[in-house]
Amino acid sequence: MAQEKLHRFSIAMLIFNTQAGVVQFILPRTIATYFGTNGWIVIILVYLIVTLNIMLINAVYRLGKGKSLFVILQDGLPRFMLIPVYLVAGSLFAMIGCLVVKQYVLIYQMIVFPSTSDLMLKIFVDILVFLFVTKGIYNMSKANLLMVFILLMIVPSGFMMLGDFDLLRLTPYVFKEGHDWLKGFASVYAAFMGYELSILLFPYAEKNNKWLKYVHLGNSIAMLIYLLVALLCYGFFNYHELKYLSFPLLDMFGYLQFPFVERIQNFIFSLFLFSIIMTSGMYFWSSQQMYSAVLPKLPWRLLLFLIMILAIGVSYIPKSLIIVEQWFDVLSLLEIGTAVGLPLLALLAILIQRGRSKHHAS
Amino acid sequence: MHHRGRLCVLALFFLAIAAGCSSDRNILERVGYVRTVGFDAEKDNMIRVTVNIPLIIAEANETRQQEEIFSKVVRSSKEARILMSRRTSRKMVSGQINTILFNEELSRRGLWSHMDSLLRDFTISKRTEIAVVEESARDIIETHLPGHSRTNQYIDRMLKKEFETQTLPHVLLHHFCRDYFDEGRDPITPFLSKSGKDLEVSGIALFKKDRMVGKLSANDIFYFSIIYHDQDRGEFTLGLNRPELYSISFHAINNTTRKTISKTPDGRYRADIRINIHGGVTEYIGNLKMSTSERTELEHILSRHIEEECNRVVKKLQQLGVDSIGIGQYVRNKVSYQEWKAFYKDNYIQDMDIVVHTNFKVKNFGNFFY
Amino acid sequence: MLQFISKWVQAKNKKSGRSGNPQSSPQASGPVTLQNIQDQFKDCSDLTHYTLPELQADLLFFDHQLDPHAYERDVLRPLLNITKDELEQLLRRSQFVAAKDVVNTVHGILNGYVALFLPQGVYLVDAYGPEKRSIEQSESESTINGPHDAFNESLGTNLGLIRSRLKSNRLKVLQYTAGEISKTKICVLYIDGIANMEYVQEIENRIKAIEFSSLYDGTMLTQLIDDFPNALFPLFQTSERTDIAVSKLNEGKLVVIEEHSPSVIIAPSSFFEFFTTPDDYYNRWVVGSALRLLRYLAFLITICLTPLYVGITTYHYEMIPENLLISLTESRSRVPFPPIIEALLMEGTIEMLREAGARLPTKIGQTIGIVGGIVIGTAAVQAGFTSNILIISVAMSAIASFVIPSYIMSGSLRLIRFGLLILSGMLGNFGFCAGIALIIIHLAKLTSLGAPYTIPAAPVKPRDWIDIFIRGPFWALNRRPAQSRSPNTKQNKMKK
């Protein structure tokens, strides 16, 4: 039986879960530091910009008539120009995929396993990611759906915090006492990263334009979750306190109590392994796609294996969470560049291609 | 393909075993989880840390419950932990702390330096109860009060019960920190003291940032609570030396508190606190008949009395310069950012006119129709 | 072991370059004579040779394969009541079929035909009707409401049970044989116009590709035709219940009946189908839905409870609420092992008990139950071997595992529990979640007859949720499940 196409709802969830990750635990603090009072509003602003970027990607799909990104680029541009692009983008994706795991593992090490080697934990997660990615994008999307269902079950627990939520603490001021807006903007934008990988999904999606809307849906769900988290944190704590909390969301989950269990924060954080596997898996998959375009002869699973080994090697360098976050700052800037650059390059390729065919026609 | 998958899974299990053989295990019965910590002030900025660890001893077929109690004079609480862990047979962990006690002297010195280690530690719950004790926290933790359950359980259950019945504002570590950071509010904690063979919630400790500056007596807790927040249960009793009202007790207190801010012509801020209270009478000694229109008269007397008392409490807060009732938050929500910055300074509450208005209504007067 | 044998047989076949099995294929050469056929059945002492000298007739048959009545009616009585001259006339009757060749004759005899050797030629008469079990209740899938007749080992009976419930000429039965020695008949049933023909084609290919010497049961057949031989979970639902088979046919799925097996196979199946029972449909829909949710809860308990206990008592002591803390510490304090060893011991004991109970006759089984109950319930705790809270947890997961309707699925889940147990014991919640992730990744990969195994959760088919996660009211169950990819999706045209 022919391989089924990715269902559009699967794509929405794929995008959402690639975007979400450890960042939710940190985002409220970042926002409070850079934007101060009522910083959660910035999520909506960034969301709008991200939406524009997604529309750019959609335009590539529409103009390219559903052809794969690699086909579009190769039709319009010479291969020697493209290879560096593929290599850079592939390496960037691989680094992000690896650092996501690294960051997660370092946090986990800090809160639960202070004396377990983080390398060991990281390889543990990396093997899961490898198993995940080798199943292929279609099975990844299916696994992702199951994981998302489990993750979304956490959301209702947010309502249990409403008892300690007070609008009074939100204050009526907008973006007062923040600093470094630009930097803050970049880090909030980085929280939305993951949507740009939809440009690689063209050949795997249904052959109609409907699924493009579902990329927006995935992005909107991510936005709603971020907004919920940030808003809850602003009303549960207050923005002064938020600046001093490493992981406000964990503190908030720690506050919950159930009859059989309490302090569920480390269980919740463990569950976010699902999100990490997805985020990291999608980036490694994209990286492999990029490299496969350069080395089409190599079996893709072997290529993936090599990429992951290399990335693990590089990710061994940063030793502390702070350094990982610094690396992330740099990488996310590059990633924003890629998110805008790749679709623009593809549009350019389409234009050149059209110009050429017109030329031929005349 | 399948082969590789299986290899990976095997590797995963192997890694789990390798990673799992770490020293991060905290097997329940082999760790000594601290339940109560006490901090006392000592000379030269030193502190005395006292901890209580329940100990369960298994001998043959019996298990006995005991407590290990350690006390050390140290610079910081983590230092104490290192010193104490040399004396116990188990690994000392702080994930099950449920009560933290500070003595009054230390609280008046300022708590923030000790809070740091409490907040930095991931394992300490934000649900931990904190309280200020009158004399020595060590004394309370070390003595087993006859006729009560073990001290750690006693304090914990007592505070939980008080929070539950709303006879005390619900204040945990989380609330303390939150109010510490909030500009428009100052933190409070319950105040405990030893009276004879019992412990007693004898008031509320008022903090200015992290320094305790004063305390409200046990009688003021009710008035403070109704200003502090809305309640839907709780009880109180009062007596006046008047024929109409010798003594009266209420239960099922239900109050709604509205705080409104306005600006007086001379540029000061004025806060009006309007409190509507409903309560059911459980006891009444006096000469008014509640089943008749005389009830309104009684309600009026009560309203005036509660109003006076509330205003007295507010005055006291103003004198101490602490905004434990969060008036600042309301001002902040009323004015522009510049105005708020101009207004916000130490002791801003002293510059305000705060007036409490109360309206008391008897909800029912029980089974005895008189 | 069996797989190994089959591989060996396959390899041998490949070597000799023959597709058939030399042990069972009669030589096709030579004329069909009594001598020739008897040679083929050399040393088969159960072959009956019956002679009628007055007709110069010889009968060869296996009498245990025959229905005595049919034999008497169709073969014996006609032959005894005629003279040699009338024989010509008699052989025109339709039950006498001329044998084509040796292979045909041998197969005929093996399949319960009576071979009639006459000077005029060789004829085969069908008198098949071996001994069979009567229709009884299913022991492994008993029910309170609903039909109590279950499939038995007879193919004819099983087909009859289905036919009598679906009186439609659109119910098609395709017949194949598999097993090089056993030559087991396999019937694929589907309803024309409802089932997707791609599946029919696919299953035909797979059955034809079986190269296994003999097949013993439908549950074994599922493993020979499934998509992932290494899958942890059963990829096809099997059942002995007639109502399940009929309802699945109606949903557009295929039913595969293997001769000599009471378990019929339903293909394709989804993971969640293993948690449904026909009883859900016989109860009011609210009750049925509640029961279904209960079963999913049992699923969670059976795989999660003990691993979580181990993870929490080993690593995350802070997650225990204070009301449980002291009693848990107390019961743990006398146990000399770490929680993981304790849990593995108890889970292992429970599994042994269950396994022993499954094999033993009922009367001794009860003894096992009592001994086990005393040993586990009381003595182990009193001796300080385990904590009583673990006993509760182990017992709850054992009970929960029996709630799951499919015994095969329940076995898979119990195995998973052990994996999770080890992971939680080693890495706490982290290991537990990693284990769950592993299971999810594995599940997502699986397909059943090419259809996604985790449908309708992934890929998402919200329309099916009402008949998988709960049991919706009948007016709402108006579509066939997406997994059947039926050309005729509307199932129920009833209005509310």
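First chain written, first letter: the chains are A, B and C, and each begins at residue 1.
Here is the rule we go by: a residue touches a chain if its C-beta (ideal position, glycine included) is under 8 Å from a C-beta of that chain, and two chains touch if they have at least 3 such contacts.
No experiment lies behind these values; they were computed from the predicted model shown.
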- Chain pair with more C-beta contacts, A-B versus A-C: A-C
- Which chain's centre, taken as the mean of its Cα atoms, is farthest from the centre of chain B? C
- Let me have the rounded angstrom distance from the C-alpha centre of chain B over to the C-alpha centre of chain C, please. 63
- Item | Distance from chain C to chain A - Cα centre to Cα centre, in angstrom | 44
- Item | Rounded Å distance between chain A and chain B, as computed from the means of their C-alpha atoms | 41
- Message: Can you list every residue of chain A that touches 2 or more other chains, as numbers and ranges?
- Response: 112-113, 121, 124, 128, 131, 257, 262-263
- Could you say which residues in chain B touch two or more other chains, in rising order? 5, 9, 12, 16, 19, 24, 95, 125
- Where chain C touches two or more other chains at once, the residues are 315-316, 318, 320, 427, 434, 438
- chain C contact footprint on chain B (complex, rising order): 2, 5-6, 9, 12-13, 16-17, 19-21, 24-29, 31, 33, 54, 56-58, 61, 63, 65, 93, 95-96, 98, 123, 125, 156
- Query: Which residues of chain C touch chain B in their complex?
  - Reply: 228-230, 313-318, 320, 322, 325-326, 328-330, 332-335, 338-339, 382, 384, 419, 422-423, 425-427, 431, 434, 438
- Message: Applying the document's contact rule, which stretches of chain C touch chain A when the two form their complex?
- Response: 198, 202, 312, 315-316, 318-321, 324, 427-430, 432-434, 436-438, 440-441, 443-445, 450, 452, 454, 457-460
- chain A-touching residues of chain B, taken from the complex the two chains share: 1, 4-5, 8-9, 11-12, 15-16, 18-19, 22-24, 95, 119, 122, 125-127, 174, 177-178, 180-183, 326, 329-330, 332-333, 337, 340
- Item | Residues of chain A defined as touching chain B within the complex | 110-117, 120-121, 123-124, 127-128, 130-131, 134, 164, 168-169, 171-173, 176, 237-238, 240-241, 244, 250-251, 254-255, 257, 262-263, 301
